[in-house]
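Listed below are the structures to be examined.
Here come two complexes built around chain A, the first alongside chain B, the second alongside chain C.
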Partner chain A sequence: MIARADTHRRWRRIFLILGVIVGAYALLAPLTSLDIAQSAGVPLLADRLWFRIATFIAMFVVMATAWNIIGGITGYAAFGNVAFFGIGAYTTGMLISKARWPFLAALPVAPVMSTAFATVVGLPLLRLRGHYFAVASLGVGVAVGELVQNVEYRGQPIFGGASGLFLPIYAVDNRGLFFFYLMVLAAAISIAVTWWVLRSRLGYGLIAIRENEEAAAVIGVNTTAYKVAAFALAAALTGLAGGIFSQWNVFINQDNTFPIEYNVQMILMALLGGTGTVFGPAAGAVLLQLLIQFLGGSLPISADIPFVSESARPIVAQVILGVLLVVVVIFVPRGVIDFFGGRTRLSLAYLRRSLRETSL
Partner chain B sequence: MSEPDPPTRVRSTPQLELRGVTKRFGGVAAVDGVTFEIDEGDIVGIIGPNGAGKTTLLNCISGLQRLDGGDIRWHGASISGMPPHRIARLGIGRTFQIVRPFGSMTVRENAAVGALFGSADARRGPKQAFAIADEVLELVGLAAKAGLPVSALTIPDRKRLEVARAVATKPHLLLLDEVMAGLNNVEIDEALEMVRAVHATGVTVLLIEHVMRVIIGICRHAIVLDFGQVLAQGEPDVVLRDERVIQAYLGERYAKRLKP
Partner chain C sequence: MVDFVQLVILGLLAGGVYVAVGVGFGLVWGVLNIVNLAHGALVVVGGYLTWQLFTTLHLDPFLTLPVDAVALFVFGYALQRGVINRIIRAPLLFTFLLTFGLNLIVVNLLLLIFGSDFRSVTPSYSGQGFEFGSIVIPYVPLISLGVAIALSASLAFVLNRTRTGLAINAIASDRDAAQLVGIDLRHAYAVTYGLGAACAGVAGGLIALIQAITPTAGEPYTLQAFVVVILGGLGRVSATVVGGLAFGLVEAFGQSIPGSGSVFANAIAFGLMVLVLVTRPQGLMGRLR
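And now, the complex of A and B:
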């Protein structure tokens, strides 16, 4: 028993050190591209392409961590969270391109708008349970994207229509670096919010709702208010990511701000990492986004996938993600975060136990 | 033919008052015009054959089901139509016949959530909530198992936990839905002890029970339900000798015997 606890502690320390090294590299390597660093002869450890991928990773850390608040902690499988991302992106985008607001003034409005939307939609939607909620939230996610593209006033599209919105480029030195760190800040906020939620009355109430909603109600949890609060919190964080994305990407349209596949990806990330935990969805987002980028062929360390032509890669990537979803749900139901704490180790026995738990 | 109260006796407002409470499911009246009162500090038992409407009645009191008729009053003020969490905050706690623990939490956390929310007397911060949880687990005899996950508990212990979580909400009235069902004789004695201990802390208890000796053992007042209606009510010894009550129970048994 004691020897085992020691092994656990050693594993935990190894993972912690590894995490700090990888994290520090990811956060600090981009600094080597600064002019000062270059003129001082520091080797370039990360280029523009890496910024872009790393910013995407941070963006998905936000979305998966935010989804975890409603989907993981509260247990309401929201399939339409991409609506919050799109609403955040379009709020900031409209304020900047049409109203000529400065970016830093327009950005905070994004989470406000997506939160307001989540509250209004959440009140009726969160009365539904199980599959009904999942399907209805998916419908809302799709509908909002269509509305944004197609709403017209006197024959003119209000939100730029099918041709999308162009934003003026944000004038800042080292733009890539700026948006990378801004997205990392959003990711840090998301994780901090989750950490706080899980230690607060809100978090205990949400978990109680997940475990048994009627039992939660009869001990005094205002289930409606709590569910809407969780939904709104997820919306605020996702909307913030959308707001940053719009100025970072300069061009937004329905395809890049309301992609249905983001819904699936953020859920898969949370599941892969571990739902209901603080760091699980973030870990899942990093792993899965790296895999998506690798399969899509945009990682510098890209390799050929055997028997697959270059043009078929995106399709194969979707197939691999789908298979991964099935495998994760069956064999790693508590996510890979389970292995990081050092309490459990990946073994045949673990997989067999998971299979028993998840199958009838 | 009920006699009017003697004019000298001044009656205070009862803690809980049901007047003609009715709940229908389709054409069936599961609870049909039920009227009774509970005074503060009482222990009242509700008995009745299967399907008599006992659990539905508790669901109506705790707000999980809306009334189709009648009124429920708490210290004289109507609580009909209030959502369950507001009724819980007034100080009406309950357990479920089929226990509903929060499976991902430990025993201690389950009790603490009760204290985090619950009545106006509870609603503490996490730190104090855990202190209350520890007291309550001591009271129901689960202190030694506080750190265990719910899945490690036996059925009797899960029933204790169900009571612990409700008691942690610091209720003034506790509704217990068949906490003794499925327990053996020794376990029933232990559970009786637990209910007495909870009652001794000043909580009014309304319990649904099938086990007759529980009703006779601790209840001061018994209410017999049959087909959603109050068949008889009064002191347990008297009520259980009531001809209509015997008939209701015997009738059920004969019906069972007649089945092939």
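And now, the complex of A and C:
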């Protein structure tokens, strides 16, 4: 036992050091793109592509961490969280492009709107359990996307319609740097919120609901209020990410703010990193998003996939992603963070055990 | 009045395809408790099989449907036996993710094989129909509705009148008890999924006749299957038939709402689905289990 606790601690330390190094690199590299650093002859570590990918990763950190609050801690398989992202994006986008609000005034409205929406929708939906909740939330996600694209008033699309919504470019020096740090701030907020939730009365109530909802109600947890609170919290964070995305990307439409595959990606990230933990979903988001970008060929370091032509590459990348998804779900059901915790080691016995536990 | 009758007819005919898309999905969901996100991809595979047989062998598209069914039964059986059976005891989210992964694989393999061009199957009689006064009944959707009803009826027959069907019903009501009385669970699960895939294949063949298909077109079919199954209710084939026809009607009326109503058809359908889920989770005709 003592030896195990020792390895446990050692793995924790290695993992922590690794995280600090990656975090420090991600936070400091952008500074080399400042004019002062450039004139001082510091090598440029972050170009436009770097900012684009890093901001995307931070965005998924927010979404996966937010999903974890309702999906991981509360145990409700939300499959339509992308609706909150889209609502946040369109709230900020409309306020900026139509009402001419300044970005920093329009941004806080995004989480407010998506929270309000989540509360209204959550009250009836969260009465459903299991598959039914998943399917209903998926339906809400799809329906909201369709409505936003198609609602018209006197023949004019209210939200820009199928051609989308263009925002004026936000005038700020070092745009890439600004939006990267803003998204990282959002990610930090969502991780801090998760940390707080897990230590609060709310969090204990949510975990009780996940483990046994009837029992939780019996011991005095107001299950409806708690579930809606978790749903609204996830919505607020996701909406914040959407709001930042709209001004960062300058152009929003149904395809880039309500994509169904984001629903799957955020869940997969949370699962990969470990649901119900504080840092797991964030780690999963970084890993999976890097992998997606790598397979898609947009990272500076890229390997050729043998026997595959350049044009077929994105398609083959998707096939590999699918195979990976299947393999992870079958063999590593508790997430890769299991290994870093030091409690378990990646071994044939582990794979065989997880197979035996879940298969027919 | 004539418009109304025409609308009802078109809605019911369109519902035929939705019935076909829904029955397999409902079977897999109701019996195996798997929400099969790869269903749409299987539908598209069926569509491409029909297209391939039609263009290379010049077979009548409706004659290719049994081929679709058999091919997809085999594929579905192997998929369930080899892959999906491995996670049956895992939390429900895992089946979502696993079937989404399978969907990704199938769709992108289709893209590699067939490219992203739209393909359509157009026999000589497509686009023609009967005329009663001013009401038109097109042939292809009419035969499709007939095929869908026949498909549902034969599925109901298999489920209620054969030994295999009894085994499937047994695992639907209690998996462990079914195992105790000697049912080979792995085989029965695989047969059930295979039957679901076969229905998807037939649905794909019908869809290829009605609209152009492309590998990435599967997602709407999965979503439609959701709506159909929820509307009708889980657990009975006849409920899915009602759900499919109801969905066809809802869509036809949704599209006829004056002033760009057609673009709201999906939103109306999904709004209705959420409404049914919240107010009557067992569906219009379903039994609560």
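Here is the rule we use: the second predicted complex is superposed on the first by the 357 of 360 C-alpha atoms of A that agree within 3 Å, B and C clash if a C-alpha of one lies under 4 Å from a C-alpha of the other, contacts with A are read in each partner's own complex, and residues count from 1 in each chain.
To be clear about the criterion, a contact is a pair of C-beta atoms (placed from the backbone, for glycine too) under 8 Å apart; a residue touches a chain by one contact, two chains touch by 3 or more.
From a predicted model like this one, the values you see are computed outputs, not experimental measurements.
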- Query: In the superposed arrangement, does A:Leu128 touch chain B (first), chain C (second), both or neither?
  - Reply: second
| message | Once chain A of both complexes is superposed, is A:Leu268 in touch with chain B (first), chain C (second), both, or neither? | response | second
For A:Gly71, is the partner it touches chain B (first), chain C (second), both, or none of the two (neither)? second
Partner touching more residues of chain A, chain B vs chain C, is chain C
With both complexes superposed on chain A, which partner does A:Ala312 reach: first (chain B), second (chain C), both or neither? second
Exercise for the section: Please indicate which partner A:Gly41 is in contact with in the superposed arrangement: first for chain B, second for chain C, both, or neither. Expected result: neither
Q: Look at A:Leu138 in the shared chain and tell me whether it touches chain B only, chain C only, both, or neither; answer first, second, both or neither.
A: second
Check: chain A residues flagged as touching chain B and also chain C none
Residue positions on chain A within touch of chain B in the complex are 199-201, 204-205, 207-208, 210-212, 214-215, 217-224, 276
Within their complex, chain B touches chain A through residues 62-64, 83-85, 87-89, 93-94, 96, 100-105, 109, 112-114, 116-119, 122-123, 125-126, 165-166, 169
Per the touch rule, the chain C residues reaching chain A in their complex are 29, 33, 35, 83, 85-90, 92-94, 96-98, 100-105, 107-109, 111-112, 185-186, 189, 219, 223, 226-227, 230, 259-260, 263-264, 266-267, 270-271, 273-274, 277-278, 281
Listed in rising order, the residues of chain A that touch chain C in the complex are 71, 77, 79, 124-125, 127-128, 130-132, 134-136, 138-140, 142-143, 146-147, 149-150, 152, 260, 264, 267-268, 271, 312, 315-316, 318-319, 321-326, 329-330, 333, 355, 357-360
